[in-house]
Structure formats: C-alpha cells, structure tokens
C-alpha cells in the first residue's frame, strides 16, 4: 500500500508539467481570494486572449529550446512578419498571400539564425542577439517609426487571425490552442519529435544514430520564427495595425514562460503543454495584480521571483522524480 | 571454406592518430555464436580497435571482412544497419526520454498517418525487453534507471537491431555481482541464438566465466588468440604484461619514517567499504586493483571530492575533517587526478596560471596583489626543476604534449609544498621517456620525506615504484603487501581478482 | 586566412557603405534635431513638420537623430552634434527632469536650443537662448474631462489610462482630468488610474481588466493618448459594451476614423504640425538675428464627430 | 611531440597578428575612416565625448568581463543601475528640490548616496551569484530573474517617477574638471585600473579564470568556487552601481526606466573585446576596446550623418562580425 502510494507520487512527479501546474493552481487560488472578479468567465477569456500572443511565441521558443538552442530575435520577428504582411496588403496583394509572405520572411530569419549558428558555431545567444538588433533596426528604417494600419476593406482574413469569435473569445486564443496541440503532437507523436529530444538531450548520441543534427536545429529555428511571426499576425488581426515597437522585450517573457513550463536550458527536456501553462501563468500574474489593485509595476518584480522560484522548483521535482 | 565460418575477420589493422600509432597491424577473428574477449593493459589498443569496427573511427589501413563481405569507410549509423552494435563503457542515453524511445531512436515505428505509433513501439519494446529477460516498463524514463539497467537497454537496442555482432566495452565495471550474473545470462542467451559478442574486460575471472576465446594485445600489437579454457591465468597475464618489471624501474630505497597519514574504516554508500591503511613519511604506497575496484573513489574521498558515510582520517596522529578539496590542501595534501582533461588542466589558460592556481595565496603581498616577479621566478624554477618542455610560461597548456601537461600539474602540486601526495595514474597516456622522468620525480619526492600514494593500472609501475602495495577488489581492500623481490605480478592479480589461494 | 580577410573585407564594406551614406557638409546653417524616440508616432509627425519647414529654405539642413528613449543617449547625441558644429538644436526631452546637462552644453557652445512638446521648465522662466514650443498639457486633460463630464451628465465612474509615469505629458494630462472632476463634477469617481505606457495593447489589457473588475460601474475612459484609447475601444468592442465613452489625445489618423464611426467619443488635437513647424520657426528667427518668444504655446483642439470634418 | 609544439610557436605570421588584434584593427579602421569623412571627429572635445559616451556601458562591461570569463552571463546590470540609481537620487536630492523623496531630510554628505548605490548594486549581484552557486540554476535564469526583480523594485521604490534635482556635488560627477576632462571618463579609467589589477594581479582574478577554464579542476585545486561565484556577480553588480553614480551625475536625475537594454550593449562590448563565452578567456583591456568600438561607431555614425534609422542595423551587424573574428581567434586549428 505504502509502496503503491510512493509509486503514485513518483509517477505524478514524472509529469513534466507538474511544477508549473501546481504553481498555476497556487496563483489562481491566491488571486481568487484577493479579488472577487478573478474567477469569472470574462476575466478568464480576457487573460486567455492576452496570453495568446505570448503563448504562441512561447510554443516556438520551447520547441527550439528542447533542441538545445535559444532565440532572442522572436520579439523582432513578432513585428517584422506582420509588418511585411501589412505593407503587402496595403499594396493590393490579397491578405492571404500577404500572410504567407510574412510567415515566409519569418521563416527566412529563423533559417538565417540557424545557418549562422551552424556555420560559425557562435552561441545562439549571441547570434540571435545580433539578429534581434538588426531586424529591430530594419523595422524602424522601413516603417519610419509609424505604425502601419490596414487600409483595405477585406477584413475577413484579419478576423480569422485575431478577431472575436464567440463568448468573448478571440481567434488568437484558438491559434494558441491549435499551436499547442500541433506542436505537442509533433513533439510526442512524430519521429521528428523524438529527434528533437535526442538532439537536445545528447547531441553525440543523436549523431551516432544517424540523425542530422544541423538539419534539426535549423528546422527548429525556422519553426520558432514562424510561430513568432504568427503571433505577430494575430496581434495585427486584433488591431488592424502594427507598431514597429511591438514585441519589445517579448523574447525574455517567452523564454520565461518556457522555463516556468519546465523546459531545461540545456535542452532535451520540456513540454509544449508546460509552455502553455507557463504563458498562462504569466498572463494571470499580469492581470491578477491589476485586479487586486496593485500598481502595475509590481508585475515586473513578481515575474522575476516566479521565474527563479519555478526553476529551482522544477529542478528539485525533476531530481525527486528520477532519484 | 574456413572463411565461411567467421562472422568477422579483421587483419592488418593500422590506426594512427596525430603523433600516435595506436594500432600497428593487428588482427581479430570472430566466429558466429562466440563470446570473444579482448584483453590487454590500458593503451594496448583494444578500444581503438573496436571503435574502428563500430564505425567511430576509420582504420588508417587494413582489411575488415564482415559476414563474408569486405567492408570499409562506414559510420556508426551504417554499422548499426549492418548489424554491428557497440555498448560503450560510458553510456550516453537521451536521459529524459522513456526507454522505448531510446531503443527505437532513429527508426520509430509509424502508423499510416506518418505519426509515431506509440502503442506499437510499446509492444515492440516489451518484446525486445522480454527477449533479454528485463522486466521494466518501456515508458520509464532512462534517467531513473541504474547504470546496469541502462546497459541492459543498450543490449536491448542491439537486439532490436537484430545485430549479429555486439561489442561490449567493459560492461561490468559499474555492476553489482547480481547484475553481472544477469548480464552473463543474457550474453549466453544471445550466444545460443547465434550472435557473436566481443567482450572487453579487465576482470580475469569474468573472462574465464563467460568467454570462449581470448585475443590479447599489447602496445598496439597483436599478441595472440587462444581458446579461453586452454589458457592458464599465469600465461594470460604474461601475454598481457610481457616485460620484465625490474629492468624498467629500479626501485631506490629511501629511509622511511613514522606514520604520516592514517585512514580508518572509510566507507562510502555504495562505492567502497571499510577502507583502512597507513602511509609513512618517505614511503610510496602503491594502490593496485582493476578498473572499477574503487581505487580512485577512495582517494577522491580522502581528498574531499566525494563525501563518505563514515570513517576517520588522521594526520600525524591527529584526527582531521576534510569536506572539500581546499580542506585537504590546507592539510598539505595534493592530488593529481586521474582524468587530466576533465579535472586537471585548464586547457585554454597559460602554463603559468595552471601551475599556480592551487597556491596563489603564497604569492600575495600585503595589499592582496600577486607578486608577479616572485611568481614568475618560482614557476621558472619549477619548469627547470622538473624539465617541462614549453616555449614559455604564457603558452596555453593545451598546446603541450600530454606528458608535459602532466609535469605542469605535478609542478602545480609541488608548489603547494605538500607532505602527502596522491597520484592517480600519474603516467597514463604519456610517452615512455617522460614516464621515466615522472618516475624519477616521484622517487625523489619520497627521498625528501614526503608520503606518496600512487594508483596505477600498470602492475610493472606499481611494483617498480612502491614500498608497499595495497590491492583492492570491488570496493574492498583484499591485501596490503610489502613489495619484496619475491612478489610477482601473478600474486597481485590474484589479490585484484580476489582469487588468492 | 581567406576567411579572416573576408571578414575584414566585409567590415570594410560596411564602413565604406556607411561613409557613402554620409552627406557632404554644405555651407549655411545646420540644425540638429534629437527626437525622444522614432518609435513614438506623434513625435515623428512633429519631427516631419519641423524638417518640412526648412524644405523650401536654402542653406538650412536638418539632421535627425533618435535617442531611443534613453536620456544618456540623448545627451551623447547632443554632445556629438555640438562637436560636429551644428548651429542650433531642437530637442524633444526623453525625461524633462534631466535636461540640465543638455542646456549647459548648448550654453557652452553658444548655440540656441529649442525644446519641443515637453517643457523641462514647467512654470519657471527659461534661460537665455533656450526656447520652448508646445502645448500646455494640462489643458488637454481639462478639455477631455469637460467633454466627458457633459456626456456623463455629471455622474458615473471613469478610468484613466496613463502614459509612461515618468513623462510630463502623462502626469499633466491626468492632472487636468482630475482638476476638472474636483472643480466641476464631484459626482464622477475615478475608479482606476493605471499606466498603459502609451501602448495600444496595454491600453486594451487594462480596459479588459477594468471591465472585469468594475463592470457597468465603468462609464468612461480617459486615455492620455490615442493609441491607448484605441486599445480601450477594442476591448469594449470585444466585450460588447457600447455604453462606455472613450477619449484620447493626439488625433492620429486612426483616432479620427474612430471618432468618425463613433467608437471614440473624442480626441484632443495636439497640433503636431504646429509644434514642429513652430520650433523650426523659432530657430529660423534666432539664426537670422530676429527675436523670438521664449515660450510659444500651440493650442489644443477638442475633436468630436461634429467638428471632425474641419480636421480631415 | 615537442618538435611540433615549438614549430607552432615559431610561426607568428600575419594571420596570427591579424587574428589576435583583429578588433583593434577594426577600431583603427573605423577611426581613420570617420576622421576622413568628418575631421571634427578628432577634435579634443569630441574625443572626450566618445570616452564619456563609452563610460556608462563601459563600466558595466568591466564587470561583465569577470562574469563571462567565469563562463556566466549577467542580464541584470541595466536594471541594477536603475535600482541603485533611484536610491542614490532619493538620498542625494538637493534642498531646493520641488518634489522631495524624503521631504524631511536635509542634504546628506555625498558619500552616503554613493555608498548606498554601490552597496545595493553589490547586494543584488551577490544575490544572483548566491543563487547560481547554491541552487545551481543557470546564470541566464538567475540574472534574468534579477533583471526583472530589480527593475520592478526600482519602479516600486520611485513610484514610477523620476527623482531629480540632485546636489551639486553629485552632478559634478557628470561634469568636467580643469574645464575639459570629463569626470565620468576619470571614473571609467579608475574602474578600468582597479578591474585590471583585480583580474590580473589578485588571487580572485586567477580564480575567475580557473572557474571559467575548468570548474571541476578549479574545485580540485582548492578554489572556493561558490564564494568566488558570489564575488564575481557582486562585483558586476557593484560596477552597475558605480555606473548608476555616473548616470546620476551626467543626467542630474534618475528615472526607474533608466538604462533599459544596457545589459545587452555591455555584453556586446565585452564580446567584441574578445572575451569568450566559452569561458576562461578575456581581458579588461578588451572590454575597454569593445566599449570604444561601440562608442566610436555611435558617435561616428551620427557625425557623418548616417540616417539614424540605419544605426541600429549597423550595430547588430558589427556585433556579429566582431564575434566571428573572435571565434576564429579562439577556434582550434582544424
């Protein structure tokens, strides 16, 4: 009996999202005590919509981090992709093709990051720091600092990206859920997903088994960038306009979400559901503090503490689960 | 006709690395359904040979005939496809993934939508695990397994590839007796299925227990292949060692003083138990034993790198507490570690910094600044004294040869003016000339009244240098003997394999 | 070796490309313009107007620089301009409390300095050779609140979306909102006052949260700028609330469209063109030896659906 | 074996010099190019401008040099500057200030606010260091956490508002002595001096190299790794506090959003200066050169009238190029 209980506990601890999930529960509990408005459908929908963009990026970032690399340029891509789309749409190209073109540009940036990383063996932190600055600058140069609004009348496509759908939910929330399911599936159900884990977990072992490590890394950089671009488009869909400052410092929040969700900085471990929870937790923190009446800048201090505590907690849980 | 009977024939294999000729034209012939041991001292070339076979290296020249066909220039993935699997001594699984994904990594079963068929993978894994009698849920994460289990999974993987030839590089070094028994059972089962196993081990009793044939190498050369049952232990050892001990290292006797260091009942949770020994001033205590017998772990525990469960350490009769290496250094101990690259050198840093890092406090002036000139002079002095061949003190240490790197490390510890020196494989991977120089330094230090504990896998070295020899077997001391003229390598081997009559 | 050369070659190329971009110095006057941030949409309108003023005047060139919301960078840019020998400076302060060093530097160099849009001196008088062109921010807040008070009939609850808290405009506009409430509309309560950092998405987020927290008690939203106001409009649309009045400041094109379709109740035109051109005009006069007023106030105008046509 | 060793050494050729001093060449090339395009670049006042402009992120880069040599990273320095800065400003307000943080407090002796800034910086850094040393979480995470915590604390402490009107003795730290030597430059040079001495001539410095070079070997050689890690990050924080003093001196006011993104500039300066993220390699001199490259670039691009829109792009490219040069230098020969 006792042994069974122990087995159950270990089994529970082995769920890689257990740390973030319990953190989420605690925070939800605290805020519902602090504010009566917290546990309402509208609030939930509101938080979910807010979280969606961060979450979509966090999915890509997690996917990449599992294969053992970083991307600091996602915040810039978040603005570059919809900016490309907006410029094309305003020049009369159909919204759908503009959307594809925007994502293609995002994919190119990701490919470039991966390519430079593989070719020069510079740590991804530096490569993507450089491309973050480069593309942020390019944005400014192209836009002249102005936000670009969609001037056409064909709004249906933008509605699909970020419009309202039902019960106050926004399409971006749906994209977030679809992204989570899709990437969870890739990671857990496909051959490629196994290779991603193998490359991040043990590059040499992966090589020995004949996995093309460089290819996996480049593909993941592309996937990460495309997700950032998609997130940018949902934001564009919400506002019908895109600002060149959009997504500033979003890269660090996305990494924070991934890490809170249990991803290992060294790679080889983590889950998309974890990133989903991590992003949601950050969203809750942001809105819960406002609802509880704390000045909005408390959020900054809190997020740092949550980040550090969650990493320590995740490490401890992982140790306990694996003996 | 006879060729048909071999699954593998390697002949005239030569492998050179920059500056080293690791294999000088060796051969290896393995029949189907045979467990074939490879034996030899460290550096004999066993590992290089099997690495060539498994596709990790390509031989510089030579011929490999596998399954009746001449093969060459293949990589590890292709080797697996051909049916050659290797279970490495250092396992490298993908830790945070389940067993089944580790087994089928790279060849995951897919369903008709192109997704991984986890159910099928699970069933397939169950089957493979059953084949090797391993009762473990395929969904268990690798990281939560013991080393032995991970090894079994590696074997399962080899089985799943339907390998005809499985290479095992020292598979038992981290296993308990029970686990070893289980491994042997699986090996015999595989043998019965007609698979061949190449088995590398230092443990003589295991070789006799499980293998059919033994091939012996020495210094990159092929010495001979014999049926195990026809080979007496003494002949085996002779083939492995192959040279006269006394010729190489004439022992210089130094005056021996009082007891300097005493270890009492040192016990670690699982690595070793009840270790007690003493070392006197001016004495060299050799520690022999097979790889994995716990020698290194004992020394690392005394030095504060690992923590012990119980036991006491006395220096000059006074009990001391050592929890960190810096405690040990404060008690004038020094440790030359076994793995030079992992825990010895700072590869990218200068020779000078590598020398002084353990002892900077000595060269500080009142302001806490390093007295550069004094430090430089001292380093120069040591470079001269132990003849480090380096173009200058500011040279990066990774540019020096292994022997010179080792000398720098010796200098590092001598600069701390230690009374007790622990030397773990001080001459591993070092050319013969430098080896002799290091031996001279060690003898000289003993002459200065220092107490020295030296671990070595090379019996001639231990016998040539030591005053007394401590032998370990599976975490226990099996004997401490005086190094007299009558002592033979066979005697030591008997202790090391725990087969003393 | 080839790779090293290649890298150096590339570096050289970048640098020479950079030189190619450099303009040859011409005779006449050179004016340095340091913007707080090129990402600040309103400020780019001001900057364009300022540059445009000199477009048809021979012998005047204007150089634009971006302080990227960093006081130190702003100082560095001013010093670099001075080293380069500009004849006058126009500065949009990043932080109005941190302009002393810039004033001092201009004074030492003996060149005129004109602050635009944000006034480091507040009520105090300006030193010699230093000018200010802008609007009295407090008035924007008062105009907003007066109109809001009328719409609400003197009672209800409002939320204030503030800009960056360290910004004078944000503080003064909010102060204007509050002063009108305490003087004229004691029946209106301020439910919440939070910073949306001038950003549309943050304005939206805050509004969503307010809707949750205050529900129908929330009747009006006063935003320190249009970007945040438009964010609030989005949030209201999403929640299906059409009974909440939203007002912004700046009258950017998006906002005027929103006023036109009724989703935005009003915006206050801060005359970007007037300010930018006004600053250039001051500098032009000073450089030509004419006298200029040390403070030039450009009035605010409340834009509603009624008078929208006048501003298209 | 030994023969090959020495022959490598004797081959000191053009390539090696180029690789070793590549970044200095880049700097010289930039200076020469810019001076041709705009002679005003080489005026005395502009040279001091460049030095002043490099001082704040340069001082941070010095601390980051220690951190990166030890194979770590510190993302928190910009936020620590803001936190130390607002505290310093609140303690250093002049009696004439209109909105006083401590309304009933008189003017304190100038060393008190300075000491407060330095201690807060060192404390924040020390906490990051302790987290890294004791809980073994990656430096990236620990300092990312500290980055948002310190920024949040700065906002909370100052209630989001700038704290201005500092006492003249503080603003003097941003001014000039003898009418032409900027005090920030003097502070920067003193910090360079102290940091070089610390890194090159003390036991602490040697330990920093050892920890970055091979942490296991360092532990075995008796280096107190956790104590040194705490000291390394505390020193980085301390220098961020010093940068806050210079910031307050130059600006005469500190707002809680100050120095956002400076950590990346400082990391870039350190990296350009040849400090390797693989650990164990780097110099203070390099950090100085790196800071100069960035400052010269910014100043030069402005002077020769490059479109401001393109400056950020150029910065990104130069960082990558500089790191590529650096990687070539430290790469093992094939």
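Should a chain be cited, it is by its letter among A, B, C and D, assigned in written order, with residues numbered from 1 in that chain.
Throughout what follows, a contact is a pair of C-beta atoms (placed from the backbone, for glycine too) under 8 Å apart; a residue touches a chain by one contact, two chains touch by 3 or more.
Nothing here was measured: the structure is a model prediction, and the numbers come from that model.
Visitor: By mean C-alpha coordinates, which chain is most distant from subunit A?
Guide: Of all the other chains, the one whose centre lies farthest from subunit A is B.
Visitor: Could you please state the distance in Å, as a whole number, between where the Cα atoms of subunit A are centred and where those of subunit D are centred?
Guide: Spacing between the chain centres: roughly 30 Å.
Visitor: How many angstrom lie between the centres of subunit B and subunit C, each centre taken as the mean Cα position?
Guide: Computed from C-alpha means, the inter-chain centre distance equals 71 Å.
Visitor: Return the distance between the CA-based centres of subunit A and subunit B, expressed in whole Å.
Guide: Each chain reduced to its C-alpha mean, subunit A and subunit B end up 45 Å apart.
Visitor: What positions in subunit A touch 2 or more of the other chains?
Guide: As it turns out, subunit A has residues touching two or more other chains at 140, 144, 295, 297.
Visitor: Would you please write down the residue numbers of subunit D that are in contact with two or more other chains?
Guide: In subunit D, the residues touching two or more other chains are 159-160, 256, 307, 309-311, 314, 317, 324.
Visitor: Which chains touch, pair by pair?
Guide: So, checking each combination of chains, I get A-B, A-C, A-D, B-D, C-D as the touching pairs.
Visitor: Which residues of subunit D touch subunit B once you look at their complex with the stated criterion?
Guide: The contact residues of subunit D facing subunit B are 1-2, 4-6, 8-9, 197, 200-203, 206-207, 209-210, 213-214, 216-224, 276, 278-281, 330.
Visitor: In the complex of these two chains, what residues of subunit A are touching subunit C?
Guide: Going by the criterion above, the answer is residues 35, 37, 40, 42-43, 46, 49-50, 140, 144-147, 149, 164, 168, 170, 235, 238-239, 241, 243-246, 286-287, 290-291, 295-297.
Visitor: In the complex, go through subunit A and note every residue touching subunit D.
Guide: 116, 120-123, 125-127, 129-138, 140-141, 144, 252, 255-256, 259, 265-266, 295, 297-305, 307-308, 311-312, 315
Visitor: For a test of understanding, state which residues of subunit C touch subunit A in their complex under the given definition.
Guide: On the subunit C side, the touching residues are 37-41, 43-44, 66, 194-195, 199-201, 204-206, 208-209, 211-213, 227, 230-231, 234, 237-240, 253-254.
Visitor: Quick check: in the complex, which residue numbers of subunit B touch subunit A?
Guide: It comes out as residues 75-78, 80, 92-97, 101, 104-106, 108, 110, 114-116, 118, 141, 143-144.
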